[in-house]
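Both complexes shown next keep chain A, but they swap its partner, so chain B is in the first and chain C is in the second.
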Partner chain A sequence: MLFLQLVANGIISGSVYALLGLGFGIIYSTTRTFHFAHGAVYSIAGYFAFQLVFWKLQFSVSVILSIMLAILLGIAIEWSIYRPLRNIGASAMEILISSLGLFILLQNSIIILWRSDPRVLPVAEIIRRGVSFGGIWLTLLQIIIVITSFILWIGLTLFMKHTKMGKAIRALENDPEMTEIVGIDPERIRLAVYGLGSALAAISAILMTIDMGIDPNAGIMALLIGVIAVIVGGTGNYTGTALAGLLLGIAENIGIWKIPSEWKSSMAFGVLVIFIVFRPTGILGKKA
Partner chain B sequence: MEYIFYILIMVNTYIVLAVSLNLLLGFTGLISIAHAGFMAIGAYTTTIFLVRYGINFFLTIPLGILMAVAISALIAFPSLRVKGEHYIIASFGFQIIIYSILLNWVSLTRGPFGFAAIPRPTIFGYVFSTYFSYFIMSSVVMLACVAFCWHLSKSPFGLILKAIREDEISIAAAGKNVTYYKVVVFITGCAIAAVAGSLYAGVISFIDPFCFTVHDSIFILAVVIIGGTGNIAGSMVGAFVLITLPEILKFLQVSETVAGPLRQMIYGALLVLFMRFRPQGLLPEYKKR
Partner chain C sequence: MACCVVLAFICTGLAHPGEVYKMGTIACVTGAIPQHGEYTLRGFELAMEDIDGVGFINGGRIELIVEDGQNIPRVALAGLNKLINIDKVPYFETVGSSVVLACSPVAESGKVVLMNTAATNPKIREAGDYIFSLIPGTASESKAAAEFGIKTLKAKKASILYVNNEYGHGARDIFNNVFTKLGGNVAGKEIYDLGATDFRTQLTKIRAQEPDLIYFGGHANECGRAIKQAKELGVGGKWIGTVATNAPETLSIAGQAAEGLIAVAFPYDPVNGTPKMKNFGKRFKERHGVLPTIYSANSYIAGLLCAKALWSGARTGTEIKDYLYTVKDWDTVVGRISFDKDGMVDLPCRYLVVKEGKFVPYE
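For the complex of A and B:
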């Protein structure tokens, strides 16, 4: 029974991990920019939602506003920092370093604005109440988290397969030059991708802020979980990324059973390093 | 006056760190975000031998080097096979793993409590108790490390490193074992970082895992980049500028809770601005013709 409970807990955190992976993955695989500042976008969205609710704004309005802020922030970063760097012919490493700098800048402005204490987004108590399903305890909130993540994953898959924009994004991922030749403006697609990825980051941040709360270090952990999901699942493979996120959550929670929980992050990074070294294309990726 | 020497000791420590990271980043093109982790290995080795076993500070430095060599060798062989961004993420992973070992292996490292009252180094009965004497001592160590790195960078070995940075495939085609060179430079860089860690532990007299976080690794990276990658003198200038510059905040009466993050914001902003407007750093590797 304990085992089933742990698997259930794993699916809950794993579904948020899957979202984190999708958000980072869509940006990384399409633009080939290692968007470190994504972690800061995540934190800002969570804190902003908290702040709006704290100011007695309606919950749904706060959520929408903070998702919009994240989208704008993502787009602004691409437009004002990455694009000029690409235009002067900066290498991928230079762009990465500037993204790292931006991350530090934003992360520390959060610490100045909100201090370092963790914040939890207040919601109606009813959705935090536990319900027993044949011995497994779940809260309504946790069910909402899983369903939201699942819907977004399916939605993203359909979007990428069937809409014009989704096809353009996949085209840019496969062959940027060819994309330009057939008349798609790659800069516009990149902006859209940053918006989309940031929106996913914001949604996962808000879910996490309701469930566990947010602190200034949450951004970097979220980013790294996203990176792990992308690398383990295979860059550009959204199904793989989502599954890898889910598996990571399950593995982490089953791990707690046998391994003291303070080693959780070491274990996650151990898995990451093993993948990077032995199978950098991920479980479902093509062989290198 | 003593305070100024304290700052200068920090400058010396960070020069050692920056110069050793420059070997990896500037000369070989390996971006590593684990340097604070290797610094921690030096600092903890020194502290544990000094506090628990009463071994002389100057004997713990080589022990720290040995420890860093052992750990970095363990890491180097698998991780240096991977390329580009994946290597950075792997080094990030190592940083987090080292940090969490320091935090959680309580019986060895005392975990979050850290070590307090680390005794000052002594040699032949002389105690380096003032910041001034420590500054002189650390300057000697720093100059030795800088001379070593400078010599290495000018040697045939260093030239091959630069060639690897510029074009890995053709240097492999020329019959050089690229992985061997990367592994050797990686271990060397990490060993020197451990020396800096020992110096740091000796002066600060209190260490805990929070002295060696990802943020500190990124700070060392910023020192190298802002100073100028591939230029040893640049790393020295970078360390001096980035350590002394935030001290101005002290004069502006900024409260300590704001000053810490504000200092980090300055590094972050500088990284962004330098990448955009002066990617070669303050002192570029080559002068403009």
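For the complex of A and C:
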């Protein structure tokens, strides 16, 4: 029973990791920009949702507004920082450093605005109440988290395969020059992926703010997990990224079944090292 | 205010015209436990108001220099080097067992007084002559938790959930030793990273251990999350936490799940304590909307202690250190304090329990 509970815990954590990976992955694989500030977008969405609920706005309205804010923030970062830097010929490293600086600035702004107290989004107690399913304890919230992640993963896959925008994103991902030649505006596509990635970050942040609460440091951990999921899943492979997120969650939980709990956070990095050494093309990638 | 009058009396005629005296704090303003930074700075804010209210004659004043240590030893050490070599402070405050133990040798060799307001690792007692603590060591509070578990709660089997730093390790060792010595059985010791948010794996293992009592050796934000997730996972047993868990964050994060949580506490009670404690609690609450934790109270005292030493004529770290060893039975906002030969204060323990969303004395 302990094993099954650990697997269930792993699937719950892994669902969120999958979302984090998808959010970061769509931005990175399309723009090749290491969007460090993605972690700050994540935190701000969580705090903003908390603030709106605190101001007595309807819960659903607060969630929608927070996702919209995250989309606008993501787009604003690309439009006002990354694009001007690219236009003056900044290198990938210079853009990364600017993104890191922006992350630190936004993270500290959160501390100034909301102080450092952790915040939890209040929801009906019944959603949080643990119920035993044959010895495996789950809450309604956890079931909602898993279902939401699954729906978003399927939705993103369909969007990328069957919509014009999705195809344009994949085109930019595969060949930026050719994309421009066939008349697709890459700048517009970049704005769209920052918006989409930020929306996914906001949804995972809101789910986590309900489940575990958010604090100013939550963004960096979310970013790290997202990055590992993308590397393990294979850059540009969204199914791989989602599966990698799940794998990380399960590995973290099962891994410390027999070894001391202090190794829990090392598990994700352990999985990363194994993949870099033995399968650098990712979980579903062809052998290099 | 009475305190200010006493301090004003002490300071008469001792300061130099227009001089600026510096003291420092290495607070964890950012990092994994930023709420501790707030506790510190809010305490110092009130202390500085009181110190400025008294003032030095001829316009002398005390300046507080804040460094962000992030509760990470190497970051705190960089801050300490700046305080010692650039700002030339003779006295600084800090928190966090790992940070205090890392900073102690540097403070000791630099002859700078380190005033610890929150760290409780037992090794701090032997950290050096210049190292002072306004809070008793884990030996006191973890021992009290283990004794309470066996004698009052009649627990036979305990599990320990503790943070992976010097504070958590100290709490684990003392609780484990005392609990087993008194005839109890420690079924498991589960560790987590500082600032962790997901405790489900550790709690699943604890649930399988079927303890009567869970000892939590960590901080308030972590405790709030752990106890909430424990309820969701159906983990049985009573919870008893360290002094650090007696803070508003535990209640705000855990919500109803915190009901029944027992926390070890010192005599400090900003609601029903001595007039000084109540006055401090009222003043703090008016300013920040929450009651002050013992760490804010200790930071307030740390600020006043430095001022007292300077007002007495002490200027160097060595002179301040010598002055502090003479502090005996001083009536403060946490009760009467004296520093023993190791620079530690000793305070008796009491027990609080969460009832209807508040910490109240355990009866």
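Heads up, the rule we're going with is that the second predicted complex is superposed on the first by the 272 of 288 C-alpha atoms of A that agree within 3 Å, B and C clash if a C-alpha of one lies under 4 Å from a C-alpha of the other, contacts with A are read in each partner's own complex, and residues count from 1 in each chain.
We take it that contacts are C-beta pairs under 8 Å (C-beta built on N, C-alpha and C of every residue); 3 or more make two chains touch, one makes a residue touch a chain.
Everything quoted here is computed from the prediction, not taken from an experiment.
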{"item": "Three-chain arrangement built on chain A, chain B and chain C clash or fit", "value": "clash"}
{"item": "First (chain B), second (chain C), both or neither touched by A:108", "value": "both"}
{"item": "Which of chain B and chain C A:61 touches, first, second, both or neither", "value": "neither"}
{"item": "Touching partner for A:270 - first (chain B), second (chain C), both, neither", "value": "first"}
{"item": "Chain B versus chain C as contact partner of A:151, first or second or both or neither", "value": "neither"}
{"item": "Touched partner set for A:262, first chain B, second chain C, both or neither", "value": "both"}
{"item": "First (chain B), second (chain C), both or neither touched by A:117", "value": "second"}
{"item": "First, second, both or neither for A:76, with chain B first and chain C second", "value": "neither"}
{"item": "Touched partner set for A:212, first chain B, second chain C, both or neither", "value": "second"}
{"item": "Chain B versus chain C as contact partner of A:178, first or second or both or neither", "value": "neither"}
{"item": "Chain C collision site on chain B, chosen from 25-33, 133-141, 169-177 or 205-213, when both complexes are overlaid on chain A", "value": "205-213"}
{"item": "Chain A positions touched by chain B in one structure and by chain C in the second", "value": "107-108, 111, 115, 260, 262, 265"}
{"item": "Residues of chain C that touch chain A when the two form their complex", "value": "29-32, 34-35, 37-38, 164, 190-193, 195, 197-198, 200-202, 204-205, 207-208, 221, 224-225, 228-229, 231-234, 248-249, 252-253, 255-256"}
{"item": "Residue ranges of chain A touching chain B (in the complex, touch as defined)", "value": "34, 81, 84-85, 88, 90, 92-98, 100-109, 111-112, 115, 220, 224, 227, 231, 260, 262-263, 265-266, 269-270, 272-273, 276-277, 280"}
{"item": "Interfacial residue positions of chain B with respect to chain A in the complex", "value": "29, 31, 78-79, 81-82, 84-86, 88-90, 92-94, 96-97, 100-101, 103-104, 214-215, 218, 221-222, 225, 257-258, 260-262, 264-265, 267-272, 275-276, 279"}
{"item": "Contacting residues of chain A [partner chain C, same complex]", "value": "1-2, 5-6, 9, 12-13, 107-108, 111, 115-118, 120, 122, 125, 128-130, 132, 137, 139, 142, 208, 212-213, 215-218, 221, 252-253, 256-257, 260-262, 264-265"}
